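Which chain is which? They are A, B, C, D, E and F, in the order written, and residues in each are numbered from 1.
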């Protein structure tokens, strides 16, 4: 089995704040991430596909088309945006790294051949990242 | 001459927008950085001092004290903030990388012995950074 | 399934030397890592949890609490130490990268909810690392 | 289960071009990678083994011997070469990152104890890489 | 004085070989870099300007225009090329990292306002780079 | 003027402790770096030369010879050593990053043509480094 990964980057603002929690609970759970003004990050997105390379081209997927898919479906929706604004792919979820990985998975999974999407990984900083795999 | 550099990181939001310019000019000059919702970055700050090490300790400056100075005077003011809010050290400047480097220089230069501060470098992304040196 | 990883760093000394082997065998097996004076590394530790995010917070685990757990249980025991000294979590094992990953796994697995710990990865240098997963 | 990874690097030239396709198709599929003069990359190779550490040494494999195996079997064959020349381990395959990972897997799998080779990962750039695992 | 740096990347092939030297001398001087098939690298280019930010925009130069200049004048000429082919900006020089830095300096210096170009740095690998400054 | 930099790495142990200071002062000045068992780091060394490339080769210095010089004069003396042991090039200095940069400068300056050595930079971690330049 061959796995192919493409990495792209975007910069965005966000604020971690739950409408289900009181102001005190938000402060306790999210700390300085809950400050009203928001803040932001340089995010990195790594999307991994799996399968067998095409014998004629040696490629699992055409990399230029794969990059274009990520740009059109993900980067154009998230880059230089505030992720705490209503972003369609987030479906009202709090923009944690975990929810970003899940939302990008949902966005991409039916734009690719069945079984091809293996992992979506989102880096919030160089010491903090989350991944979504379609297991189970 | 010996140079010593300490690197620290912070995450912040910002929007590039000048009150002196029309909305169209802001769009033309700052592009997607001018969007009203703002966005954000993982910034890195590298501060370089110069001088001669203390013969008794082999250190140009005590690194723990230097890190504490950066935390108290810079990181606590900028981390998890929106740099387009009124931040005292920015003095109303547009939060470009150039202006951040200049403002952090001004903040630190008189907290250190005369002639010790050599360079303040601010990284907005891994492909875009600015530095301030106190020349001339 | 969602995976969340936190990276932390520590610096430590070590010497690779087995009491079960002769001096010549230690030299042959461990090379310059067996020198009596020891040496050291900047280690990085990446701990990955798996599970489902809490719907109220969007988080698999509270990152601040997770970081505090790693600091209290691992970093405070290993940072600025000599790993060839008697370190409780190492249980007398030779401080290879493989044994560090195994020992940190054992240290963390029962401090986290059952089934949450997915992988402990330890980097000795940027070209050499080991991971422990709880499979089988 | 313990996983141990060693990273090595090499620099090589290549051109992506399929004899099975017309010049127009090659241009469409491979874009600027199909230019006749070729180009090149700084590749990184990460090879991961799995198993249990030897109780006497705490090592899954002797790292010096593992590095020597990678140098002799892979790096000496690929470093400062043109991967579009006839390279035995490539068996005439187009030198995509996917095919490099597959070919290096095939080269190493029978030089190591059965079941030890877990993953071969090849980085073409810092935003594009492929891996081969021996599953299924 | 403020310094602003932009980093861009390109991939290219090259061969180090001097027509002024014999085959034996080329082998002795350039080693495996002289092999006839050539090889290649992922190059990085960092261009630093100096000056005072525009008070109206807080920018030393418009970053989007600066990036476009680098793309049009440098990257489009070097990316996915073989630097040992006749490349106009190289003027027949051997494509060492030193000569690349010099040639890119010459290409850019009169496309920018006088005195603005401070340094051109070219990375051949992560452990080998050259810079050109316009001193003296 | 052209600048050429070579980066090499080494791993070593050290303890920061001054015989001129009391135990309490050492603890106050050096903190956990003063612990008797010592610790260690993955150091990186970047040495920059300046000058004009040789027109026949396009090189400021032969990179292979430059690397061999660094290996023989510096790396073989420091790699997998304890820098708090008597290391000739350190001349009894406390092994701070500042003193390492100074000592490596002294070691290299008369092994190179006069005026060629521009900077010696030593990285103790990715957030802490020192440089020595031969100014004034």
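Some notes on this structure:
Quick note on the criterion: a contact is a pair of C-beta atoms (placed from the backbone, for glycine too) under 8 Å apart; a residue touches a chain by one contact, two chains touch by 3 or more.
All of these numbers come straight from a predicted model, not from anything done at the bench.
Any chain touching subunit A that also touches subunit F appears here: B, C. Ranked by distance of CA centroids from subunit A, the top chain is F. Between the Cα centres of subunit A and subunit D there is a gap of 28 Å. Our note on geometry: subunit B versus subunit D, Cα centroid distance of 41 Å, whole angstroms. A straight line joining the Cα centres of subunit D and subunit F is 34 Å long. Of all residues in subunit A, those touching 2 or more other chains are 126, listed in ascending order.
Under the contact rule stated at the top, the pairs of chains that touch are A-B, A-C, A-D, B-E, B-F, C-D, C-F, D-E, E-F.
Residues 9, 11-14, 32-33, 35, 37-42, 79-82, 85, 125-126 of subunit F are the ones that touch subunit C when the two sit in their complex. Put simply, subunit C touches subunit A in their complex at residues 1-8, 53, 56-60, 62-64. On the subunit B side of its complex with subunit E, the touching residues are 16, 18, 20-21, 29-31, 93-99, 101-102, 126-133, 135-136.
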